[in-house]
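Got some structures for you, see below.
There are two complexes below, and they share chain A, which is joined by chain B in the first and by chain C in the second.
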Partner chain A sequence: MDDIELAVVGAGPAGIEAATAAALAGVNVALIDSSPKPGGQFFHQMPDPFECDDDSPHHAKGRQLLQRLESTGVHLLRDTLAWGIFEGPKPGTWCLTLHGPDVPPRLNVRAVILATGAFDRSIPFPGWDLPGVMTAGAAQRMIKNQRMLPGKRAILTGTGPLQLSAAAHLVDAGVEVVAVCESAPELLRRGIPHLLALLGQWERMREGLSYLRTLAGAGVPYRLGWAVTSARGGDRVSEATMAKLDRSGRPIRKSEIAEAVDTIVVGYGLTPSTELCRLLECELEFNRPRGGFVPRRNERLETPVPGIYAVGDGAGVGGAVMAMIEGRIAGQSAAVQLGRIPERVAVEGISREQAALRREQRFSRMLGDLFSPPAGLYALATPDTVICRCEQVTLAQIREAISYGAQSVSDVKNLVRTGMGNCQGRTCGSIVAHMLAMETGRTMEDVMYFNVRPPVHPLPLGVIEEYNEAAGASDQGRAMP
Partner chain B sequence: MSRDSSFDVVVVGGGVIGCSVAYHLSAAGLRTALLERGQVGAGASGANFGMVQTNDVEMNHSIPMVKASYARFDHLEEELGMPFGFRRAAMLRLLFSEEQWKLSEERARILSRNGIPYEFVPPERIREIEPIVDPQGLFGATYSSYQGQLNPFHLLWAYLRRAISMGLSLYTCTEVTGFQIEHGRMRGVDTTRGRFSAGAVVLATAAWTRRLGEMIGQDWSIHTFRASCMATEPVYNTKLNTILTSADHVEMDVTGKEDAELTVLAVTQLPDNRFLIAQANRPGEVLSTMISHAAPKTMAIMAGRYLPSLRTARLLRAWAAPTTFTDDGRPLLGPVKGIDGLILAASYRSGVVHSPLAGQIVTQLVTSGRCDLIDISAFAPERKIGQAETIYMVKSSHSDSDGKAS
Partner chain C sequence: MRLSKVSSLLPPYRRGKRIEVTIDGKKADAYEGELVSTVLLAEGVSIFARKHATGRPSGVYCGMGVCYECLVTIHGVSNIRACQTFVADQMVINTAGQAGR
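For the complex of A and B:
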């Protein structure tokens, strides 16, 4: 492991392609992923006890990518969390700190490709913290991965094609789906200017249509311009209220309908996972269609931090096809940077991928434009709605911080602890930013994003210490008397 | 965005000193602007341990200042109208050898004589004070009761909130790019958001002071080093009574033998049972807020050594900030010679404890041109800065400095 030159963090479509491309060019690569098996969310592999034959074209494609990855000799570090990234011990190197079985606690490399993916975005409404309210990703995981039903009677609220897929999976699994609320207003009219972007996207359209067919077959209403506006219940959610939204995304109260449900699935799109980028103080820019704050990158997908590349949904949500193209560009670019292939040899392949990337960007821009949650949804929360769930901070407390003069999300954090808990603001960060922007008339660029600190997930102190239980000691620095 | 605004005073630096200065100036009825290059508390103040410490003081000139400032904490929450969690706390510093006690002996004598309790505790009495510390192998400890602990973010905002309610204009993301000086008189500053005119400018800019001085040909010898801190989740099976520090330290290379983290333990348990652990020193001039790869590990080693039960507690965050020191251990506080209207309040050894008095002193200097609260002549920015005459030395004896991260 001592001669690893490049670390790729995240073994989803982007990371697999990046690691493969770099390894094919002769780079010594480590591919790090926190799951037991590579594939990411898109090519997700079952845990062994649930393994079964799946001959869908989707899985065939995934298997093919993984086989190719294995044949390249990439060091795959499974079950491994990259909990921090630091300036390395030599100039121009980076130190990744790792936690996992049989992996070194630190990995010093000359280049890093961050392919960390994205996570579900929630928008709070009264009752959103009740048991039984979950993200679309969580519901899919329960069904596909754990073979468990999240509930018996569900309603979905959110936006975008991932909702349709979650709804279809729920129906297939035998859950009674009361309605799918799609918050985007006037989808069809707004879609017309984007029709050109659909050219050549037959496979995706077929996939979308098959989900719609499943829902239609089960008699599930697809409500355009609607959202779940509140939930009630005791130990678990028992009732959801949905309402039609006005143009700004605020609910029209007289349209409200209550439904008895035990499950609410929330999926307002995805937020890029930029934690490792932010540890490096890499400059981020706000890009609404790409899911929020994303790292700045050049044509080779290198960030302003030299030697650090960012690809896939973690650098701006764009889906698996785009992620794979970006992975190949960054993998080859890193190989050039590390001196494994000359620029003149790489340039042709890279330009071809860049052209493909531009085509994909058209499509993803369309999705981003059509399915960005309208700002008015952030007005659903009431003063006693908990916004930061880790630290139990309510909207009223956030408003109090604003009344003190808070101008940025970090001001709110310092005053009322939003984002200081276990998740470091993954869930509430963009919510607090939207609320602060709305209530103070500022832009997202003004209110900014939370700082992130290592470890990016909580870890026992003994792990950070690199404490060796058998030896009863740390592999420590010099102790001074 | 461009701007041409006139104020009585422009304060540069949105840390705890700048916010206190802004509050005291606003309370005196002066039209004040506070400029901050990033966010409020973006430097050392926002990375703070929250220790209100009097024992880690430069002993020749700074004792009256630290005592007067500490005394104001008795009524400061009332005065500002916002609680910031101030409580009195004692500090227990573990000693491992007679040599370590010898190094502290003079400090103990001088501080006690000046009304800051600082006493030697033999090993058999350590358990009375801190039952979870195993006194085995300890030479003893020093015990200092005249300390405190508070929420540093809330202190910052208590100043700021009160100041804003009295008319302070706060400009964040506003970086000073130049000074307007006419015939030796301060006229204002240029910033990334335009010009701010004012007859008085206060620099409460800590680690960034030296860089600003270079713009106007001043050589202010303020050095920086990296202080680090980390926080655990709430821990209920371990109770700590004091702020626990240690005279021992561990050392770990960062980028080679010349560049090492020297970690002196400082641990405290907050009212919500989370533990804060500080600090790592990285000698050398740094302005980055990125923590080094060595710091979390060395802090965890030190914490695990004294409080083994913390090994199973989960760490939530580790962070760092550039902290300042001067070779003689004194701040640069007072009017700048040759530039009428320019005042410095920078490089306090511990910003939190000094913040109330700093605001008062600067306000006096602005309104009357002099300070009758304490004698500040030893802090004059133009003084020749030598090494401290006493045992107080920052660079050469890290193991002697009491834990701090302010």
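For the complex of A and C:
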């Protein structure tokens, strides 16, 4: 492991392609992934004890990528969490701190490609923290990878293709779905300016249409411009209210309909996982269609921090195809930077990928434009709605922080502890930012995002101890700052 | 609830070996490859944890290890994410919802 030059963090579509491209160019690569199996959420595989003969093109594509990855000799570190990133012992090197079976506590490398992916975003409504309310990703994984039903009678609320896919899978699995609320209004008219982006995207259009057919076949209404506005229940959700939204995304109260359900599936798109970027104090910019704050990058997908690349949904949500292209660009660019291939050899391949990337960007812009949740949805929460689930901070407490003069999400965190619990602000970070911006009339760039400190996931204290012992025992390490 | 009908979107499959776990003192069947989170839901457990500050219940939310809402106790070790942990034979799982069951 001493001669690893490049670390790729995250073995989803972007990370697999980045590691493969760099390794094919002769770079010694470690690919770090927190799951037992590579593939990320997109190529998520069923657990080994399950037997499944999957002959779908999607599965075949995933298998092909993984076989190619294996053949390149990339060091795959499974079940391994990259919990921190620091300046390395030598100038121009980086040190990743790891926690996993049979991995060194520290990995010093000359370049890092962050391919950390994204996670589901919710927008809070009264009752959203009741058991039985879950994200679209959670419901989808439960059915696809575990073949378990999340409940008997469900309603969906959210926006975009992921929630449509979750809805179709719920219906197909036998869950009674009372409605799919899509917050975006009038898709067809608003889609006209984007018609060009659909060229060459028939495969995805077909997939979307087949999901709509599944819903129609089961008589499930797909309500455009609607959302679930509140939930009630004791130990578990038992009733949901949905309403039509006005142009700003606020509910029209007289349109409200209550339904008895045991499950509410929420999917307002994805939030990029930027924790490691933020640890490096890499500059982020707010990009609503790409899911929130994302790292700035040049055309080689390198961030302003030299030697640190960011690709895939973790650098701005754009889907798996785009993630794979970005991975290949960064993998080859890192190989150039590390002196494994000359610039003149790499440039042709990279510019071909960049052209493909522009095509994908058109499609992703269309999805971003059509399916960004309207700002008015952030007004659904009432004063006693819990916003930070870990620390149980309510909207009323956040308003109190604002009344004390909080101007940024960090101010709110300092005053009322939002984002200081186990999830480290992943769930509430963008929600607090939107609410603060809305209540104070400031922009997202004004209110910013939570600072991050290592470890980026909770760890047993013993792990930090091991890390410091390892650092003390070696002359090239540093104790954790 | 385990999916029993033939799906038109998903390929046919077979679960792993049948095993036995203990949930809040009660024996339950499970299958290798299943997650603690889905086994609990299949057994009708919706409350996995309660918040220290308010006592409010929590359960499966993100299902991918991000939110830490599904923390349970396994073999006496607390704060284990149910959605990131596979069941094993004779696993002893305790939730905070015991009183409600």
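Remarks
Keep in mind that, in the parts below, the second predicted complex is superposed on the first by the 465 of 481 C-alpha atoms of A that agree within 3 Å, B and C clash if a C-alpha of one lies under 4 Å from a C-alpha of the other, contacts with A are read in each partner's own complex, and residues count from 1 in each chain.
Please note the rule applied: a contact is a pair of C-beta atoms (placed from the backbone, for glycine too) under 8 Å apart; a residue touches a chain by one contact, two chains touch by 3 or more.
Every value quoted in this text rests on a predicted model; they were computed, and no experiment measured them.
With both structures placed on the common chain, the touch criterion links A:F119 to chain C but leaves chain B unconnected.
Once the two complexes are laid over each other on the shared chain, residue contacts for A:Y404 go to chain B alone; chain C is not touched.
Shared-chain residue A:S34: touches chain C; no touch with chain B.
Of the two partner chains placed around the shared chain by superposition, chain C is the only one that A:L149 touches, whereas chain B remains out of contact. Once the two complexes are overlaid on the shared chain, A:P458 sits against chain B and chain C alike. By the touch criterion defined above, A:T241 lies against neither chain B nor chain C after alignment on the C-alpha atoms of chain A. Of the two partner chains placed around the shared chain by superposition, chain B and chain C are both touched by A:G421. Of the two partner chains, chain C is the only one touched by A:L130; chain B is not.
The residues of chain A shared by its contacts with chain B and with chain C are 421-422, 458. Residues 1-5, 7-17, 31-35, 38, 41-42, 46-48, 51, 53-54, 56-69, 71, 79, 83, 86, 97, 100 of chain C are the ones that touch chain A when the two sit in their complex.
Only residues 34, 41, 46-56, 59, 119-120, 129-135, 137-139, 141-144, 146-150, 152, 168-169, 172-174, 214, 235-236, 386, 389-392, 421-423, 426-427, 458 of chain A touch chain C when the two sit together in their complex.
Across the complex, chain B meets chain A through its residues 39-42, 46, 96-97, 153-154, 156-157, 160-161, 164, 170, 172-173, 232-233, 248-256, 260-262, 288-294, 296-298, 300-301, 303-304, 310-319, 399.
Every residue of chain A that touches chain B in the complex is listed here, in rising order: 84, 86-91, 95, 97, 106, 279-281, 404-405, 407-408, 410-411, 414-415, 420-422, 424, 446, 448, 451, 453-455, 458-462, 464-467, 474, 476-481.
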